[in-house]
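What follows is chain A paired twice: with chain B in the first complex and chain C in the second.
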Partner chain A sequence: MTTGRLPTGLIAVTSLLLLLLALGAALSHSFIQPGNLLNVLEQATDLAIVGLGQTVVVLTGGIDLSVGSLISLLAVLTSGLIDSDASMVLPVVAGVIVLGALLGAINGLTVVWLRVHPLIVTLGSGAVLQGITLLYAKGPVGGVPDGFDFLAYGRVLGLPVAGVAVLLVFVIAALLLRLTPFGRYVYAVGDDPVAASLMGLPRRRVLVVAYAVSGACSALAAIYLVARFGSGQPYTGANYTLASITPVVVGGTVLAGGRGGVMGTLLGAYLVAVLNNLLNFLDVSSQMQLVVQGLIIILAVSVVIDKRRVVA
Partner chain B sequence: MRRRIVVSGLAAVFALASTGQVMADGYTGAPRTFLFNPATKLCFSDTAKYKKAGPYTLGFSNAGLGDSWRVVMLHSMEKAAAEHKDKIAHLLITDAGHDDAKQVADIQDLVARKVDLLIVSANTEKAVDPAVTRAMRAGIPVVMVDRRVQSNNFVTFVTASDAMMGRLFAQWIVEKLHGKGNVVILAGQAGSSPSENRVGPAMEVFSQYPGIKILDTVYSDWSPVKGKQVMQAVIAKYGHSIDAVWSAHGLQVPGSIEAFLEAGFKPGEIPMHTTADVNGPLQMALKYKIPMLEIGYPPAMGGVAINVALQVLNGARVPCTYQINSQIALTDGDATASVKPDLSIKDEVVPDGPADMLVTGGMGPGYNPSSYSVDYPK
Partner chain C sequence: MLTLSNIHRSFPGVRALAGVTFEVRAGEIHALVGENGAGKSTLTKIAAGVHQPEAGHIAFDGAPVVWTSPGHAKARGLHVIYQEFVLFPHLSVAENIFIGHERHTRLGTIDRGRTRAEARDVLTRLGVDLDPRSLVRDLSVADQQMVEIAKALVHNVRVLFLDEPTAVISGHEVELLFERLRALRAQGVAIVYISHRLEEIFALCDRVTVLKDGQHVLTAPVAEISRERIVSAMVGRDLAELFPPRPASLRADRPVVLEARNVTLPGRVHDASLTLRAGTITGLAGMIGSGRTELAMAIFGGLKMSAGTLTIDGRTIAHPTPAALIALGVGLVSEDRKGQGLAMLLDVAANISAPALARFSRAGLLDRARERAAAEAEIAAFRIACRGAATSVAVMSGGNQQKVLLARWARICRRVLILDEPTRGVDVGAKVEIYRIMRALAAEGVAVLMISSELPEIVGLSDHVVVMREGHVAGTLEGAAITEEAVIALATSHAPGGVERAA
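Presenting the complex of A and B:
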């Protein structure tokens, strides 16, 4: 159903990634050092995880614009409720992941019940969640015990814990999407919702679960950011709403749904992280970094779209 | 013996640091907030372990640009680096665009590029703290400038004193009014630390003089437009009974002066104002004969941070908080018993310069922020 188109995006993002790495190796000796590349692996964590949830939603033909606010809310709850008490870490982390999934599921239920476009639903719920976040915390709140930052900065055998965990999560997600009925339904629902319903696929349940997955991914990103920053802040997630769409589309997942996959998103997140890092190493000003980033996104996506046009 | 080492080390720091501020005739001595500090023991950082031979690679992780103060601060830093080309091989600058996640990654990248010392202006106090702490733990000395992190995991923090500004502004007004008169407090943004940290100490000064009456405290949000609006309301209510306007900074002062002019105040009738950093209020003080006291939060601290960084790499002890000098500039004839000018506002103003430019960057005459460029070691 999708196998014919999937590789185009993957090939595009992989070639761009390799091109950047080769360019970096040629231009800067310190860029290509393993120490730096492992840093990049770690720096891609937040974007990759949020992008994973976003990919699943986009595959169903939807979009989740509440991820930024959801990350902010779950970040302030994580550090606010742990409040530097080591015994609270496990219950709060578990609770935050469940809460993220629940709030995501509510997004999905709203889309299904009200039959309003997910863009509107999640734009609205994002505003609600940001409001609640600010009611709970006007500034940085609470804290985490020593050692919690291991999640964000920790190394085992020299490898970044977060980066390796992300890799594992993506492999599992890719397998689930390929091998389980739910995974196949996600593609079917996104490809042609009417046909999916006529075939008797559980379209509504698939949508609710997809948004729940996005919510849970936002929770994981929030926990990672709290570990990285030492506390949650009410605008911690603000940048992620739109940023989370970049790795998705760069990785070859089509916004219309039904085509694409999570491994492309992972590579898309790596591409963004490598690009930011390389531009730093080449002393490109951050103002110029934005310009280059934007151009690369358009370039990467245009390759995919072009191919689709030919196919269509 | 130990004490002598401390003192000579300090003298070296200050001597170097003060050359970074090339204010024409201003005060160039050791920071007064340090000399006048009544505590007998101050916090010092021992930097012997950071001593190494140059030339050095310095990294600067900036929170971001976006306002004129931060632009001048960056220029001041580039200028100081250019002046020390013999000691500095590279000054690597990153800009986080006011994004915590990017600043954390920027700091990691600068460490990966093997900087000898990191200068950091933190986007937020808490979020950048773990990254700064990790750099310190990895043996890289960190000098904070303008915005610190929450923990004390850095070598020194280069800043200026809000409390000194607030107190001197208030003391000058009290003495100009001979202890009797009506004062309007034109604050910045409610709840913002620079505003509160200036207003609080000012009120402690005013509260010692029963003849001083605070008519109103209004908030300008650091904006001349908002400053004008709130002052129009205050002037409508109190008119000529206003004897002084205590303003927390210079950004809102042009709005206040315009409000007085539009209410029919003639040159010479507008009450005294306090101000900081900005050129426009100084131009207006001379044009409309307004008694004015300027004490800045100088963006020259960017350049000072470079000099302090070189001292750290030279193994000199530095105070944990390095409060740089703010010049005390007054309109002629307005000195009081406690507040004597380091320079005249006549000499500090850039008469033909843009009204919104900052005059306290130590950038010398002819400086234009929009076209400035210096060949610093990249």
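Presenting the complex of A and C:
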């Protein structure tokens, strides 16, 4: 993302996406209809948004394994606190986003101050958050007023609101990463943390903000999921922890940090959504979809990664 | 400008600095010299706020300071060019030059055009023809060094430390670097120049300070000191005492143990050939990044060669792998002792026995008593300083860790031993021991291949020297032809690599 050349990862994921679309068009006529493609755009929302936060963390050389539990907690809080009261929608939505960012920042502060590997920190904080979620709600709680599902299913001029909003958020995020010193430092910290501190870059601030961004993204995903299902449940987010890593790595962001970008993640999320949609069209069972999805991830990453490594 | 007074600093197992006082004035170039492990790098890192001194004071611009972080020292105008580059390989040249000092547009976003233009400008002043948009990862080591130097020039620098800046650049680039440094000196910048190339010190510097084993030995104006005086201050003894005597017999008599022909690793090693003979120490010289380590790794099977043949004791090895070579009696002690060689948390006995556990096992169970007894024997034979076989290697000095590795491989690898930078980070006393061990192994018939960046040990120890440059074998030297000048000429010359032979 930082040079004039297109990174290989972005080219690979785009090619895979186009390949899959072509395959779908050949196998099923209704798959390629604009209506269906707009549905896919909408269906990619949750994975794309969680993946955005995960990408920023992974670029710094870390990982956030607390996103699933955080989504669950924020989802039950959203529907539990709104409790079908329309006047509560705005304050709760705003509060949940701030809370998500704060809890994410606590992850970042823990990584910075205790110097524990992010994998451990977020694994632990994920367990804590899941426990708190279950203390608050054993099942679906509260509800949302009519019209809240506009956030998930709304259409303006025939375009899905959620899908278009996601696209805008990603474009803004990509520009911030590319054009601000802070964005540059995100890459630098992930590329070589020792060099970053020797150069006097604000390494700690970068980490705290990255995890806060991931927390805020989890909050957005939680709100979207509540809008989609009508209420939050204590395991709403359970699948997202590992699923959020899929679009990141398929999109060419390297787990070691410092390389990749958010636009790859967006395309990676579209790839997963297209794949699931196509398998639905082909009447593949949801169990079998999981199998295919797993194989595709391994295949995609093996195409995307840079194999220039020293074996010793 | 900058004064470090009575600085003390230790690391686990090492006393890095013991009461060193060092001062650099505005408008002078002050050479800082000493053997590896003398404390130059630690002193630099304390001056730059990377490490805190355990005792002692720092004064900057006449006032005492306590650096809270490297960023703090940088903000005051103290810039360090480290030997290990502080570069972000996946950012571009221009982005690296201005990292932390980004050029902004009026909106506060990064001005990419201006960044590129100013980067091109500073690179031109350094005489380097580089595209500011290329990724640092894709540059040669020499070009990466020039990017490091460019970084120093764009900042408002008041004190500049350079740690071995010419280790990987040559001829013309060195001249341009010296020109820039003299210009900075004229502007009143205080420059600390760390190098082991004494000719550079006499060409460039105003004063010289020698450190040895963490202590200050002398400080003197360069005009008033001789080359010999500096060397004996660094080494603490006469050079001739360092190396064991060479055997009298001729190399050509000895049987060939290992022969590598036309080895190629795309982008790193091109068509390189190497012959190792029993009882001979072969020095593999060349600049960092010239492909020395990669060639050795390819021979050992750690990197896959795209072309070339490998013959050991007359047998052609079609697909070399480390396991197959170890089975044939070939061992490699890597440059990175901690990363690739030693299990730091295990004890000496476990580290020595690691590749040969079958010999210390009965019915699949480890015989700890036998393992320990064998280790105690090696500890005595190699004069490893430790509190017995149960000592954890993490607490041992670099020199003793290296001896543990030598003990491990010397026992199971009776044909070929490849040593990558065997004396890096080791004090002089341990160096002498390691040289003695290498010569003793050769006397037992082992073919030793030593990769080294230190010219004195290449020249002092090798029976036969192979010099690499930019992935090619630039030439080979033998006998009286092995001199520092000859090695440098082969390692840096831009003429096409012809093979030189001399008796």
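In this section, the second predicted complex is superposed on the first by the 299 of 312 C-alpha atoms of A that agree within 3 Å, B and C clash if a C-alpha of one lies under 4 Å from a C-alpha of the other, contacts with A are read in each partner's own complex, and residues count from 1 in each chain.
Quick note on the criterion: contacts are C-beta pairs under 8 Å (C-beta built on N, C-alpha and C of every residue); 3 or more make two chains touch, one makes a residue touch a chain.
Note that the structure is predicted; figures quoted are calculated from it, not measured.
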| item | value |
| --- | --- |
| Touched partner set for A:197, first chain B, second chain C, both or neither | second |
| First, second, both or neither for A:285, with chain B first and chain C second | first |
| Partner chain in contact with A:30 - chain B first, chain C second, else both or neither | first |
| Partner chain in contact with A:131 - chain B first, chain C second, else both or neither | neither |
| Touched partner set for A:228, first chain B, second chain C, both or neither | first |
| Partner chain(s) touched by A:259 [first = chain B, second = chain C, both, neither] | second |
| Complex contact set, residues of chain B against chain A | 64, 92-97, 99-102, 104-106, 108-110, 112-114, 124-130, 134, 378 |
| Touching residues (chain side chain A, partner chain B) in the complex | 30, 33, 35-36, 39, 42-43, 46, 140, 149, 152-153, 225, 228-231, 233, 236, 239, 273, 276-277, 280-281, 283, 285-287, 290 |
| Residue ranges of chain A in contact with chain C within the complex | 2-4, 178-181, 184, 187-188, 191-192, 194-202, 258-259, 310-312 |
| Contacting residues of chain C [partner chain A, same complex] | 48, 50, 69-75, 80, 82, 85-92, 95, 99-100, 102, 104, 108-110, 112, 133-135, 297, 302-304, 334, 340 |
